[in-house]
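Both complexes below contain chain A, partnered by chain B and then by chain C.
Let's look at the complex of A and B:
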């Protein structure tokens, strides 16, 4: 009896051993996507939101049977927001994991490093959440595509907002505060470039460069108040924005100047972290808003993300979501994920309907720069508790047409 | 630059200096008494901020109670870290290297712990009731909460000085710094003193985190940002000198504050310049006593 039973077990084990590889072979064909999002430190929330949103898009597409007979598969390695480490990960993805696409990254510094790997190994890199304009201008290379706005587009929208403002509420002086690295400096240069381009007259009365992640802004705040600018442009993001706003409120800064932060100031994390402390009337924007446009698609997207994760998405999430849709659409068109040149052709000029698109507009990838072209809406903080824990959201929207926000041909960050 | 603006910048610098001092004081205390450089001191600061957030937001506690909870919580965890881990490496040949590795690993562990418990979203605390507005006198506006922080910082500095200089436990702590073996031979429980000092130092860090929470964003990684500036303060003030930490913080806070107003494009390097000058001309620390102490 005992012998018989052990015999059965041996047989079963043998069967598994023989059949296991067959089972693997019978699996569907996969499109492998190698993501590099930071999961730790200050940018950890962006990484987490991006991975959750990408997984959400993948689940939707695979649920409908995948694309062209392929299932999508995402692997993520913590980029630690470090360029040299991310380059190592990208090379490992290409050589060992045989990924079809490089994907992600939050920091522009990482983006600039990974785009070099993409260029050398001719592997498509889909950029979802880093805003440095250089990637689609000075450092453009044919295998890089970006599916979220860059800082130039945000700053062009900001400049148009200020131009309109001057007609109803004249202003003349302007000051800037932004982190002391490429992202902060690019924004200020691009804002000035766009104000000049749109013929707006202004006088700069102060420029301030706190360190990235600086905990204390008090000295900056009191110094800005002394400068008496009409407009204060902020290039701060995330926790830095939160700390600045919290420290500036009791000084009455927001009654004295119009605070305007068109690239990342209106990201949902700022609203969720500051709650009722966020002053009303700040002029903010972000690359995606949870309450604009009020289309069925955007509401559906926000709701699905909330159901899946228990929190509302930051803009990072929509970038990753868009990236997966772009890959799926490209593979659908080409029929396989391996013909890189054909995929590049498919991505160039591709139209993608995204949650952030109003009903009368569809985002598309500019074939010349590989930068996605999108509408940008700028809003003002108003009371709204529909997205807790936030107590303020943006409202009184002003919407800017996508084509008005594009950099002129041969725009280069270095020339200015 | 008029007088009221100078007063405003002085007060701005003082706020920054006080928070710097509260973090740096714990760092310098551990170094002075235990000869341990605690890389993870900033993580206890961060933990304090999260504990305060937890007490206020989830348990609906009073902010000042929350600050106390933060101090006690960070203190207990600090004592555990010393008792369970650091104690094992005292006196090893390569102690310095082990200290850095071990305390650096604390940073990673505490960061992940915080992420597992509270998630990666930014947390935020309101300023406590009664300290939400500001007062204006002679054209100088000052938030009341910033004034409270400055007051509390001074109080702690005086209290700590009194304990160290005038009480028996304080004398034992100072003696530990000078000669552990002799102290042990005289019947003092040296290991217990070390654990206690470590606990007090991390409690100071946790308390600083709680006080800073209503002004800053509470986020994983918040510890790293304060540790560098605190280290500069400790170096300027003289490693292990309590008053040095206070004066170092004051110097750094004010220099920063006026650099922002006068040479904004160079403001972020000024602290490092001060440190470099100090290391060149008075490497034992600007405010260290004349003769160099032998450990």
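Let's look at the complex of A and C:
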């Protein structure tokens, strides 16, 4: 008897657990977005900023009444930057949570694994912060869209910068330091490809491959000084970039070579972590800058983020912000979040005005590759304490037209 | 009496098998299917690992090497030769795992205890580093994607049953092995290695044999995993993967044959349920592990068995 009664109770509890979310769902029309950002570890700040920015965008849109009668909702699961775990989370999102969009990810390896799930289950995946060019080139699939620059675009901008530099301040030798994994190797190959494409003459005097998250760069720094390149390209990111700069300063490296890091070196994270220790005159860029372009939209975006979180955004934040805007705009056009094929059509060629767009340009998604096309600005570190705790920000901008930065049609990643 | 427990156990495991077989009937969700497949494959990996540790007393910190070897032989076959080469890749992985584990085994079973553990770790990390660095062949840290099993196996449901049958067969084989005279000998190697020569047996040879067997089944789990996830990556070879099966075994109980399987199931479900609720799930798992090690050192299955024995004696004494 007792057994029977407890059985009934268990059954009731199970029923409520299953039915409760259904009841909630019935109340409101919701666009569900399943994000997979890492919230811990070295990439944790990227995940944190992305989720905050995405929620900020959602609050704005929902505040205005949502889109096409739907409210936006974001769920995030800490992916721990692990591809196999992320595959499982993506499938859970699709099957259990019934999300309409897969969203996010910082690591390219996770991006590649999730794009496979997206392809198999025909669910749109909006990539916001992983740079591997492969995703929009060799591994391209129709349900993937990326709303931030890839490494090819940054490296093309870097190559153009170096080309112009050669006219004012001649240089001949170049060296590269980057983390020893796909992201690091891709950048170097793409930079060389672009230098060749733009007809720049150069001689390579060294390649240095520290491990990702390496704590000590002294051995590399001394060999760089010995090899005497005119230009040192860096493919380091985040904490690695910070550690390298801090360790190289006492050796006077930055007086001897021109340090240039066009993909992630100019991320606000680097400025806030180094403060006044960041040398002046470094040539850096990132996928979004807090002080460029000086448009009302960008100032507004940075201010809102600061009011919301108490810190200034890194570039990851703007990628996530752009992703939410793209989703909202697509649903607005189609009228519902369920017609995947129509949403793909709507996203292809879509124009989105983003904080990082200067007044005379609007970002758009290239229909052929599903890669967003944006201008890129490269700057030089100058003293600026408007964005504490940073004491340096970028200035003396050089701006590169979006169309010049696209990979040629036949480009595919040739790995070393 | 013994036959009775044997029968009971057989029935119990038939029920577990039936439960896994009924997963696709109970739910149409591909996610649940993947979750069940992960439990089966990690369970197989953990049981194979425990044949080394729990049974023979050889703590290997490098079984990820064989798990990854299985996965990469399938993945690389599909990537470089063609999508139809999934099954030959699986076979190749198993053959390679035997050859490699024989070669590595001969080198590392010469030492025992912590030295053995460190050497297994070293070989595991070596394989990881090679895979990580050899971009144009292995895809480096990007891994390999688009591994779809060919033909009818491409159907998720069919593939799930394919996994279920292979895993059940593999676990049954290992169970037979652990109950056989060789299994008894392996326990003797763990408990009293100096006595083994007096039985006319060789400690090293027994260790080598079980190292090869364990590696073979780890490779099987890895290669089937490639088809379940449709993608592979270098994390599968990293030492944390070896660490994970150790956790699973401790959680389930290393003294029990099926302990690691239960441990794998619990850990995977925990990771997933907690992962969906909180970003602090590694902390939760840490707490669970701490409680297990400090309060329930025999593992879930071990403690359960102990509790049963105690209850039985309580009833009998009344």
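Convention: the second predicted complex is superposed on the first by the 388 of 416 C-alpha atoms of A that agree within 3 Å, B and C clash if a C-alpha of one lies under 4 Å from a C-alpha of the other, contacts with A are read in each partner's own complex, and residues count from 1 in each chain.
To be clear about the criterion, a contact is a pair of C-beta atoms (placed from the backbone, for glycine too) under 8 Å apart; a residue touches a chain by one contact, two chains touch by 3 or more.
Keep in mind it's a predicted model, so treat the numbers as computed, not measured.
Of the two partner chains placed by superposition, only chain B is touched by A:220; chain C is not. When both complexes are overlaid on chain A, the residue A:180 reaches chain B and chain C alike. In the superposition on chain A, contact of A:40 is made with both chain B and chain C. Legend: residue contacts after superposition of the two complexes on their common chain; A:326 is shown touching neither chain B nor chain C.
In the superposition on chain A, contact of A:242 is made with chain B only, not with chain C. Judged by the touch definition given at the top, the superposed model places A:206 against chain B, while chain C stays out of reach. By the touch criterion defined above, A:272 reaches chain B but does not reach chain C.
Judged by the touch definition given at the top, the superposed model places A:250 against chain B, while chain C stays out of reach.
Common to the chain B and chain C interfaces on chain A are residues 40, 180. On the chain A side of its complex with chain C, the touching residues are 39-40, 76-78, 80, 82-85, 87-89, 91-92, 94-96, 108-109, 112-113, 115-117, 119-121, 132, 134, 139, 180-182, 185, 415-416.
Residues 5, 8-9, 12-13, 15-16, 19, 111-112, 115, 119-124, 126-127, 132-134, 141, 143-146, 212, 214-217, 219-222, 224-226, 256-258, 260-261, 264-265, 267-268 of chain B are the ones that touch chain A when the two sit in their complex.
Of all residues in chain A, those touching chain B in their complex are 40-42, 44-45, 48, 180, 206-211, 213-216, 218-223, 225-226, 238-240, 242-243, 246-247, 250-252, 269, 272-275, 277, 311. By the touch rule above, chain C contacts chain A in their complex via residues 29-32, 34-35, 38, 132-133, 135-136, 139-143, 145-146, 225, 229-231, 233, 235-236, 271-272, 275-276, 279, 281-282.
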